[in-house]
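You will see subunit A twice below: alongside subunit B first, and alongside subunit C after that.
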Partner chain A sequence: MFRPRRDTGAALAGIWLALILGFLYLPIAVMVVMAFNESVLYELPFKPTTVWFERLAENERLLRASANSVGLALANTVIATALGTMAALAFARYTFRGKTLLRLLLFPPITIPWLIIGTAMLVMFFWIGIGRGLHAMLLGHVALSLPYVVVVVGARLASFGPSLEEAAATLGANPWQTFRRVTLPVLAPGVVAAALFAFAVSFDQFVISYFLAPPGVSTLPVEIYSAIRKGFTPEVNAISSIIIIISMGVVLLFARLYRFGGAPADGGGR
Partner chain B sequence: MLRARRRTWAVLGLTGPAYLWLAVAIFLPLSAMLYFSFLTVAPFGGREATATLKHYQAFLDRDFYQVLTWRSLQLGLHVTFWCIVIGYPAALALARHVPGRWREALLLMVVLPFWSNALVRVFSWTMVLREGGLLDSAVRVIVPGMESLDLLFTYDAIVIGLVHSFLPYMILTCYVSLQAIDGALIEAARTLGASGWVIFRRIILPLSVPGLFAGVILTFVPVIGSFMEARILGGRAGTLLGTVIEDQFTVVFNWPRGAALSFILLAIVLLILAVAWPGLRRHLPQG
Partner chain C sequence: MSIVDIEGVTRRFGDTLALDGVSLRIEEGELFALLGPSGSGKTTLLRAIAGFVEPDAGVIRIDGDAMHNLPVHRRDIGMVFQHYALFPHMSVFDNVAFGLSVRRVSRSETAERVRAMLALVQLQGYEERRPGQLSGGQQQRVALARALVTRPRVLLLDEPLGALDKRLRRRMQVELRQIQREVGITTVFVTHDQEEALTLSDRIAILDTGRIVQSGPPRAVYERPETVFAADFLGDANFFTGWVDDEGRVRTSSGSALLAAGVPEDTGGEIILAVRPEKLRIARAGTPELDGANRLAGTVAGVLYAGSTVTYRVACGEAEVTVLEQNREAVPIAQGEPVTVSWWPEHTVVVRP
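Take a look at the complex of A and B:
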């Protein structure tokens, strides 16, 4: 009795999901295709060329901005992952007063719109003499990445209790040995995932960098934004295509390695 | 005693650096901005600043700011509405009608664009929506002789771009609570003779409200603070509270005015979060 209805349901579900994937990927596909089109004005018919990628290789501004973005993201990843992992360890392994308050303080950087945080940083950094520049952006990016690192590493820590560490201590390991030989190896997948998160937060970050970029220094998103506002050029398509393909490739690789982003295939509801 | 002291030092040493960093980069700047919003001018370059309420007064006096605030809220409502209308059925389809192996792959595909640069995704829409762009060409192939369709630099373009940006959030949060619903509940209801509509209305919808709620907050709050999407896709039609705040800091250089407007925006956000908190807290992971 229920068979036919369930089949139409599944068919409708399939159509709806296909439409949504089309909506999500269509503009991105168009942009990548246009990076290989000869017309500066994005006009059809499509004439294949790699001239925009060659131009990109000579575009000093975009190349310097790319180098800034990568360097900034790497520095951010190291600092945010280290500080965030430490805080997550304290939350998971100690009970202390003010813990709830400290946890709550992780929310503002995530929930307050970046426009407000970015302008506030501009005001403060200018006022006390930190000024604008890559160092100011690093300050901002680490602050935005920290809550994610604490949450991701904390989730991993919650998945195994302190019993392993206690066993190591009972067997005569000192705290440092326990940390290096026991805690760190078990924690590693969480730390790697958190580092990936931190890198993505910084590499994609536009708003904070935009307000903290002095004239002449920029990151890739800031440079792309000014290029878009000055007038579109297929070089922006070329660099955007490279970014999209690399970032999606990295996520796919991680999804293969860690199977995150979904419940186990046999678990959950039907 | 000694152990207790060592614990205190351990906790301080582990949490101190992270929270010191957050203090310097988030909480002190927010306080500094609150202070600035009460000054006549920014106290740089030897200018004398005195305390004033005029920037908040300006918000109340000038219809301009209130109209823009209302527009930003309206944009938030429109984008959230479309995200629910498109995203909730998608999450339902994923959780209920797609077999396990496919489900994981599809979910990954939905979330994947969200990992690519937000700016790049907004930019990609300009190529679809402009006159002579993909949408225009497609419509003209289907309906020959129709006048050209130029959606770029309209309010609709902003809505489309923002829905595209936030749809993955909505699908993900709804999916998480939908897939947690016990299948036995639905079987039981069906055995007892409930129709598909009744099952949806009485079981599925109520149990997925927390996810829906989280999706609404994760969409609405960032959207009312957006400015880049409106600049790129909205052009002149894209003046919002967010773009006016951006202008105060990057074009007009009236920082105290910008700070006051930022704080009004923050007050709106906090108000929304305060109203949403009881519902949100139930949904947060414990611990």
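Take a look at the complex of A and C:
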């Protein structure tokens, strides 16, 4: 990671970065290690075991919550990415009344505390009869993820302007052919990044899920929260370790594909 | 190969009239330049032919077919964009093949036609490269090949050479002209570069505020500008304002009498004369060999040295004239020297304001 440099400024920057990364990763590393430790109370010396993973396999509640979380996040990713990409295209390529205002209104939900949005949703959903449940949670997650998708995809769209699509039209491509063969492939890295965002927003989501989950239904963050309240067990470490490994794998895979897969360059000649 | 007919095309954007009753006929196989400052409507006109802009009034016909409400992808045109707009995620081959593949041309025919087109623009061997790996000139050729491979009825070029440096631009001008001749395609191109318009085109139209000011072959438009704007925009010009006297000479306010070709008899009012700076000759006062029937005495007010040419600003009474000379004086004429400027009446053109 460090390459010796004559420039002390660069060396110091490297050390600084390493410290920050260490600060971020150390707790996670400790947790992963402890998932394999026999002691419930994080006691040393380290005695390797896989007992927590075996216990996890029998823990119905935690497994069902995990399944809910993954399912919810996947559904949210598909719906929010599709809707958000369409919205971003509309913003970038069409002019219509109230466009500026609508675009402006996309941003506040990103900054409004989730607690407040969650409360508002709970009240609203009860009021109009949607109630609580996985469907309500999905609705909430999609609403939360949409602004992120629109912003990420929109940034990518802004980077290449309409001339590629115009060129396709002059060459005889109808609007669908233009979208499928030009817009979408060029947009792909932005769409993938937006999908990862949408997945993360949903998978991480605690507040909204907590508010909108009916008794007996929960997601992983909610379940972990109640597990910790009731009394901590290393099973939580075990499930968390599995999630970390999977999500890091996905992100690294994406980064690798993005870099080496002939990432569509930046919009041709400038 | 086709004829483009534009009749009374008008287009408004909000409060501005981008095109104001433009009528034009572009002949078969012709290379036609739309020249004008930014905001003159030249790009709007090109985009109207392409179908990106729908006229509020007027008709555009290609080979007699009205283009009204016909979407861009069904107009059978080829277009080269200012920044080429090559598809960054496709190889050179796929870029050029795009127009054929959306037309469902067979694989073997596609390969053959793409290869022939890449040979025409001298890019054989570049099939597998990505646009990002090409130089500006190469990207330009790919864009041209891509636009021509479908054998469109009309080729539209939007400032095609604007993004290239000067030396490369010169070379591409020659190449573009050659390829256009070889293919024989009716071509309309937009430029703000007057030299490019003069060297490349069969005919030029000068646009200003949505109207065609003047059109014709480059030489005719350059030598016989009809308005002050045309004279000033295409090349440089010296202007003299005056009144026609009894003998058909033009009296300027500073008292000199000038002869011009085609001076109308008895205009009663002011008329404006235009003379190109390179038509003027300059000599030190008292030098005998100077010819030309129009003469002005003056003092050199400024000298701009540009290597092969020298531009003099000469103060002649109240007027200041610009003279462009080949750099051949043994002893350069210096600022402050008294000089005589002269030129022929046939180079003196009457223009409208």
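Some observations on this one:
Definition applied: the second predicted complex is superposed on the first by the 239 of 270 C-alpha atoms of A that agree within 3 Å, B and C clash if a C-alpha of one lies under 4 Å from a C-alpha of the other, contacts with A are read in each partner's own complex, and residues count from 1 in each chain.
In the analysis below, contacts are C-beta pairs under 8 Å (C-beta built on N, C-alpha and C of every residue); 3 or more make two chains touch, one makes a residue touch a chain.
Predicted model only: the values in this text are computed from it and were never measured.
Within the superposed three-chain model, A:Phe125 lies in touch with subunit B and out of touch with subunit C [touch as defined at top]. In the superposition on chain A, A:Trp114 makes contact with subunit B only, while subunit C stays out of contact range.
Of the two partner chains placed by the overlay, only subunit B lies in contact with A:Ile28; subunit C stays clear of it.
Touch criterion met: A:Ser163 reaches subunit C, while subunit B stays clear of it. Touch criterion not met for A:Leu253: it reaches neither subunit B nor subunit C. Note on subunit A: of its two partners subunit C and subunit B, the one contacting more of its residues is B. Within the superposed three-chain model, A:Val186 lies in touch with subunit C and out of touch with subunit B [touch as defined at top].
In the overlay built on the shared chain, the residue A:Gly172 is in contact with subunit C alone; subunit B does not reach it. Common to the subunit B and subunit C contact sets on subunit A are residues 262, 265-266, 268-270. Residues 7-8, 10-11, 13-15, 17-19, 21-22, 24-30, 32-33, 36, 42-44, 86, 89-90, 92-98, 100-101, 103-104, 106-113, 115-121, 123-128, 130, 132-134, 137, 164, 167-168, 171, 178-183, 190, 196, 221-222, 224-228, 231-232, 242, 245-246, 249-250, 255, 258-259, 262-263, 265-266, 269, 273, 285, 287 of subunit B touch subunit A in their complex.
Subunit A makes touch with subunit C in their complex at residues 160, 163-164, 166-175, 177-178, 181-182, 185-186, 262, 264-270. The residues of subunit A lying in touch with subunit B in their complex are 2, 5, 9-10, 12-14, 16-17, 20-21, 23-28, 30-31, 34, 42-44, 83-84, 86-87, 89-91, 94, 96, 102, 105-106, 108-109, 111-117, 119-127, 139-140, 142-143, 146, 150, 154-155, 158, 200, 203-204, 206-207, 210-211, 221, 224-225, 228-229, 232, 236, 240, 243-244, 247-248, 251-252, 255, 259, 261-263, 265-266, 268-270. Of all residues in subunit C, only 50-52, 71-79, 81-89, 98-99, 102-103, 130-132, 136, 139, 146-147, 150, 156, 163 touch subunit A in the complex they form.
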